[in-house]
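Note that chain A is present in both complexes that follow, paired respectively with chain B and with chain C.
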Partner chain A sequence: MAAPMTLLLIVAVTIRAVLYRSGVADLVSERVEVVSPLTAWKRVVEGLALLDLGVSPYSGDVFHETPLIIYLFHFLVDYAEITFMLADVITAVALYMAVKDYNKQVFRKQKYALEADRYPLDCLELIRSPGEMYYIPLKVAMCYLLNPFTVLSCVAKSTCGLNNAVIALFILSTVKGNMLLSAIFLSLATYQSIYPLTLSAAALLYLIFWWFVAQYAFMYLGSLLVLVGLSFFLLGFWDYLPSVYGFILSVPDLTPNIGLFWDFFAEMFEHFRLFFLCVFQINVFFYTLPLSIKLKEHPVFLIFMQLAVISIFKSYPTVGDISLYLAFLPVWSHLHRFLRNIFLVSCVLLACSALFPVLWHLWIYAGSANSNFYYAITLLFNVAQILLVSDYFYAFLRREHHLSYGLYLKRKDGSEATLVLK
Partner chain B sequence: MAAHRCSRSALLLVLCSLCLFSIAESQETTPAGDHRATGVDNPQSVTGSTEQMAEQPTVVEEEEEEEEDRRWEATRDEVETENTSAPDTSAPTFEVHSSVPKPKDDFQEELVIRPLHSGDIYASFQFRTLWETDFTTGNKVSHYRLFPKSLGQVISKFSVRELHISFTQGYWRTMQWGQPFLPSPPGAELWVWFQDSVTDVDETWKELTNVLSGIFCASLNFIDSTNTVQPSASFKPLGIGNVTDHRFLRYATLPREIVCTENLTPWKKLLPCGSKAGLAVLLKSEKLFHSSFHSQAVHIRPVCKDWQCKTKSWELRQTLNVVFDLHTPGQGKQEWSLFKMFSRTLTEACPLASSSKIYVDITDDPQGEQFEVSPATHLLSQAMVLGDRRTFSLYDLTQQITFGTVRSLNLHIRWKSSEGYIHYQPSKDRVRPHLLEMLVQLPPNSVTEVTVQFERALLKWTEYTPDPNHGFYVGSSVISSLVPSIVAMDTNSTREQPLFSSL
Partner chain C sequence: MGLLSDPNRRRALIGLLTRLNAPIWGMPVDWLVKTMQSRGLEVFTQRFSRRLPFPDEDKERYMVKGTNVYGILRAPRAPRTEALVLSAPCTAGDHNNQAVGLLLGLAQYFRNQVYWAKDIIFLVNEHDLIGMQAWLEGYHHTNTTGMDWSPLQGRGGSIQAALSLELSSDVVTSLDLVLEGLNGQLPNLDLANLFYAFCQKIGVLCTTQGKLQRNDWDSVSGYSHAVQTMMLMAMKQASGRPWGDHGLFLRYHIEAATIKGINSFRQYKTDATTVGRLLEGMYRKLNNLLERLHQSYFFYLMSSLSHFVSIGYYMPAFGLLGVILLLRALDLWVQLASPPPRTEDGVVDADPGVLSVLTPLVISHLTGAALYTLPIHFQEMAVEHFPVSETEAVVLTAIAVYTAGLALPHNTNRLLTGQGTEQGWKVLKLVAVLYLAVLLGCTALINFSLGFILALTLVPVAAFVTPNVPKVLSAFVLVVLSPACTLLFSVFFFQELQEMPVSFLDGWMLYLSVISQGILDHALYGSLVYPLVALLVYPCWLLFWNILFWK
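So, the complex of A and B:
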């Protein structure tokens, strides 16, 4: 399927190139929904300028990128647009190849299960056929590249695109079974922002033996150490640790974004700040263990859930993070019959996306609203996302249940039963 | 017998001297014409041209004199070498010279580069063809060499005495750029002096504009009675002319005319070397039209060939003025080069040109403090430009050493940025404020603006001031000028003086 994929890449690159040349790029790079203090391009330029001036980029409160990003853009600052378009293309191609491989594995497992007669007779309509799975990789790439969130994020030159590329490469190498590359990409992703650490559980689920787990942990920690040491040698001081990781974990900057932290911490008593900070941050990592226990047979769905949890609960989310897990939705297109809230969720997501700029304008420029209005939309947006993720989780588990116990469930007395997620 | 021998020898002597005299006479005239055509090969002509002063573009008669002098110098040298060399080698060359007819046309090209105060660069190309011929008498001119045939036919068919046409894109900013060499209004401008022999000037004018619109691929056919005038006092003929009867003058302008590649290409085709050799290789439309100001013009007028004005030559001048704005935003460095301006470098002079030179205006920076030009040249020339004596660095493209070992000439002009001291301490939220100190050299009669971008931060509820709608106050900035002051240091004053005099 190279030809449709190439066409898709050309169309995506054209759209981004056209938008770069128009006035949209300047408008979008200022929007708080698309860029955060961690990923804004203006801050990267500021950090480079400070470095040229001889001042440490981390001496102010503006720059929160890792040293490797500084050095990458030191050489590529004139080709920034091409870099971000290339990152999007790499992400799309990596997701395409990963999903193709995953589909093959799913189909193979299904074939063995069919031959072993593990499925009840009445759930044969739930069995997936190669015909319906053929176009899924292309749909995944399309969902990522043509998603307005991704396009906006690329046009705003948010470094979130680079993060997504690294995570996509991690997913590809994990699905293919290449443990070394998987460990390296995971350590790169963790080095950039701490939260992808939770994806290591999914990678470890691909490994069965204890010795491989130890090897993986060793490779991961080794590459992380290399990156940290490299950063130290590049800049000559440890300034970046509090500026990057301290910033992500302690959330000093309360710039509005589509996350849950900012207004909550703006209205909080100082006395309880540390407590709530710990609660919010643990919230991100907390779901790893229960989810990995429940989904130990399905690591890719676990990755999807983890990505969603990270995007919703991280300290400075942007629409670029959302677009990465939304790209996975075509993979679970066979679950549509079990989704219950999809109409509500999509309406709320669309409405909130439209309301974000409106209420921002009313709050900041017109002065007739205040931060509560904007935070309300943020809350609604995140509730919709949580509902989306939990809906897909419910549908996935329900299908698994039907595959084990049959499609038309009957209680002990023969009457029809319904399934409820507890 | 001795008397016979005496008279015969005297006759022989007289005959020999007559022969020698005739030889000398012919050698004066023929090598001059030959040296004009093969200017590169003849070493005498090259030394003659480098010794001369720079041309003065506005005055014509002095140029004629210079050419005369140059020719005299060259022939004198040549005659001397001819006499000193062996007679058998001189005789065959003399015969060759006398058989080639003297060409009556001459082509010169020059480029003047002037860095402007505002950081832009003004480049002015001038291509001049001089041709001693007569378009006005009945015999049709058919053998064209350097003069373009299309324009020659226009002159003879429409009995044009002078023709000035210019196409300009952009607006000349006099406040920032100074005075241009030749001012031109935006759009297209055409003014023509016709010969006395024209009976119906309006009809001829109409036909002329249509023919010119075909030659220059411009919509000059829109020139009609609605935009043509007959000025009575503002215009005088720029070439030689007996009568200035304003009935034969027409002026029209099309301010909406857009200049583009379609106008540049036929303009370039009028040059003898086209855009293949010489300075015209730099005229590439993708860079020329990416400029703040672009003006191309053609001026045709009759001029005197010598100071006695016995014969008349036709002068065709093609000028192209362009101002490039190559500011690199965000970076203080500004570096110019021929490659950056025109995306080409020079490899040779036009072989049909008698002189091909580049002048870089260094009047504002004689010591080389503000900018440096590389490759360096020791050739300097001075000229009066618009009443102002200016100094130029000269690059002669007819000499091979100009191109050096790389066989190509790429002039670099590097602005030496005054290393201003900047001390910047960025702020940390709720810890310390911003501190920005800059040591700046302000040029005279200028306005300097310093802008700082900032981002707003959301306050915690405890940090709100009692009246938040008032906003925040930003402190004033401090400007200190480094001026030595004796008054302030003098504290031991015992004289009766008011206190404010010691501030």
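So, the complex of A and C:
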């Protein structure tokens, strides 16, 4: 599998290099669907300039990324394109290795269950074979690297690519069982944007004993403190806390993006703002507990669901966040027979992706539309994503149910039954 | 095809022009500057130059160099934040010889009034649309088309509205209002209503699309007259070209319209003074505006000056056409998702489906890219080998690439690796139908008439084509309904609607010039029709052609 993977990496890097050299890079780095006030490269350059002048990069409400990023690019600003391409490559390779390991674990669990005779006889067609699972890691890497969303995000030099790389490394270390690295990468991801905190539930599900859980929590919190302290020592003042975390949580900038916050908060009365802010932010973290309880035996699926929930409901999503969880879809390709809405969802996602630039043009340049048109497409896009995620959830649970109770369900009197997700 | 089709005469002309380093027919720049200054305006000039990608045979120009002259009437007691523009194109010959005179007369009259709250810019542009594009780009500090212009020395604030005048005689029988702008963009309907209401008040006859309004809406002939007017507007909008100098203002969010004076055989003629009073009234109304015109519709089709169809009425018609495609896609999905039972051989069956679809997609888009880039890039080579002028070379290369694309299905089938050919064409058709639906939807949002005309011709074909229909008949139907033939028929239909029917040969020449104008519009002003058709609609049509000839 090394040869196809290398070929894929070469193709992906070539596509990105070609696009960097063409005029597309300037156009794309200003599209609001691809960059947000948190991740825009323009703002990183601005922050670097301010740092060179000796002023805090957080003055003037321009730069909202973490101090570690600014120090990373302080040394690497001339090689920025290579950095982002490398981040994409690291993400793809990490996902490849993680999925390969995960497939091995799944197959092993299935073998034990078969030997222990835990599956009813008629669901043999639901059992997965190694042949079918052989190409899945390569497909995952392909889905990530050749996804137009990822390519656009890389060409625009959005720091979302770095965030994706850290999350992918976290997934790899969790699946491999390396707790220290998993805690460190998770704390890096949380340090950059707060929402990956919810992924800690999935990491904890890999552990069984309370002592390990306590160890993990200690390592996680410890690394987080180290990072925060390091940032303070590098910069010398604490003003990055309100600029980064305060910005993510209190959403002061209402630039249009593909998320749900901007138009809603633009229309709101001031004295309800705090209430709705809390409601929207709790919405991201709220699904962690119920999902972890339901999916306690399937932590990787839980990670997939959490990533999707984060990318839909976070305060400043971009297409780079979406491409990370879309890369996981080949892992669940055995669920295709149970998916109910896949056609509708893919049509709507395709149509919305095409309509985003059209309605932006009509609103901003032609002046014939207004923000409601663009927000409508945003809403439709997010509804389609939610439908996609809930469809996969349904299909996953249904397959588990069939594996326990048989494929052709019969009611107590012998007639055929249908499954309903309540 | 025109003055420049003989290569020797063309070379002689170009040599003469470059030797003199000045156009033979030019604008009297110094006289205009002096006259405007004597009327008390602040006068500035702007030089611009542009080399067209190939000679324009309709207007007989290749290397365009010119000067725009504009004078600013400063509002006496207001801050200089907003402006209005009155423009008149200055071309040689009889086409538009009275407009500049009326403009200067109005300038003198306006100068003596005290009620102006906005600056008024009197613009005389040379080489009509090219000069206007240079002026607008200079005014807004953008450079999207690669033109070379000198920066503007004087400005007037953000432009709220603009009117462009075209007058060929000093008495008119009616005034024609032209609304269609670049890429089918229209000004706010309020501007058209304003003009019509004021014309009625003054008592000047006002028309749209050159057709008079009729009072008998209930009769069949009245209804068909209204439908003809609306179809004329739809075809003008679909062409994507600005039908007056106002068309380029719309892109900068400035409401603009062109007023053409028509002198036909009627007894009652309006003289220039009444037209001047009309324009003064229009400008006083625009002067009193507190905000930009945005309350009325931006998307409409006018069947007469007092009747229109808004987007809420015409979009459902388009939506129903789109639903046909979506239903066909759903039908194909259901057929694909329930295949006959196969023996398990452990091969992943989704992959060959995707790969076999990829080959026709890539080849169709490469052909589309060839249609977009080859005509202009290879015109020199074509001129060397064939006895044609550059314009003819460009147009004939475009037609040749288009026709060469028809030969492709017989080659791509050899490269395909699809197993289960029954599945293969269904997957391709599903992708093609969804692609067409999204493409037509996006086009209809930006330029409704273009999207609707393309939908009318492409949707029935797209829904019904399969490899199992009779090949010869469906190939004929598919070619007849392809974008190029639609354009050919539209040219004849357009001439019929304007009551100037043409013979077949003249129509063919007109068709060739329409193609060359389309390519030029894209290069000069950024019109989207040519890239849309070449890069997106034509490859989509080629996918259906591939499906028809699937083995």
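Assume the second predicted complex is superposed on the first by the 422 of 422 C-alpha atoms of A that agree within 3 Å, B and C clash if a C-alpha of one lies under 4 Å from a C-alpha of the other, contacts with A are read in each partner's own complex, and residues count from 1 in each chain.
By definition in this document, a residue touches a chain if its C-beta (ideal position, glycine included) is under 8 Å from a C-beta of that chain, and two chains touch if they have at least 3 such contacts.
For clarity, every value in this text was computed on a predicted model and none was experimentally measured.
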item	value
Clash or fit (per the criteria above) of chain B with chain C on chain A	fit
Arrangement angle, chain B at one end, chain C at the other, chain A at the vertex (C-alpha, nearest 10°)	60
Contacts of A:Gly23 with chain B and chain C, given as first, second, both or neither	neither
Touched partner set for A:Pro290, first chain B, second chain C, both or neither	neither
Contacts of A:Leu350 with chain B and chain C, given as first, second, both or neither	second
Partner chain(s) touched by A:Leu359 [first = chain B, second = chain C, both, neither]	second
First (chain B), second (chain C), both or neither touched by A:Ser368	second
Touching partner for A:Glu132 - first (chain B), second (chain C), both, neither	second
Superposed arrangement (fit on chain A Cα atoms) - minimum chain B/chain C Cα distance in Å	6
Residues of chain A at both interfaces, chain B in one complex, chain C in the other	none
Partner chain A, residues of chain C touching it in the complex	185, 250-251, 253, 294, 298-299, 326, 329-330, 333, 346, 348, 350, 434, 437-439, 441-442, 445-446
Chain B residues touching chain A - in the complex, by the definition given at the top	330, 422, 424-429, 453, 455, 457-462
Residue ranges of chain A touching chain B (in the complex, touch as defined)	42, 49-50, 53, 55, 59-62, 252-256, 262, 265-268, 270, 371
Residues of chain A touching chain C in the complex	129, 131-132, 135, 333, 343, 347, 350-351, 354-355, 358-359, 361-362, 365-368
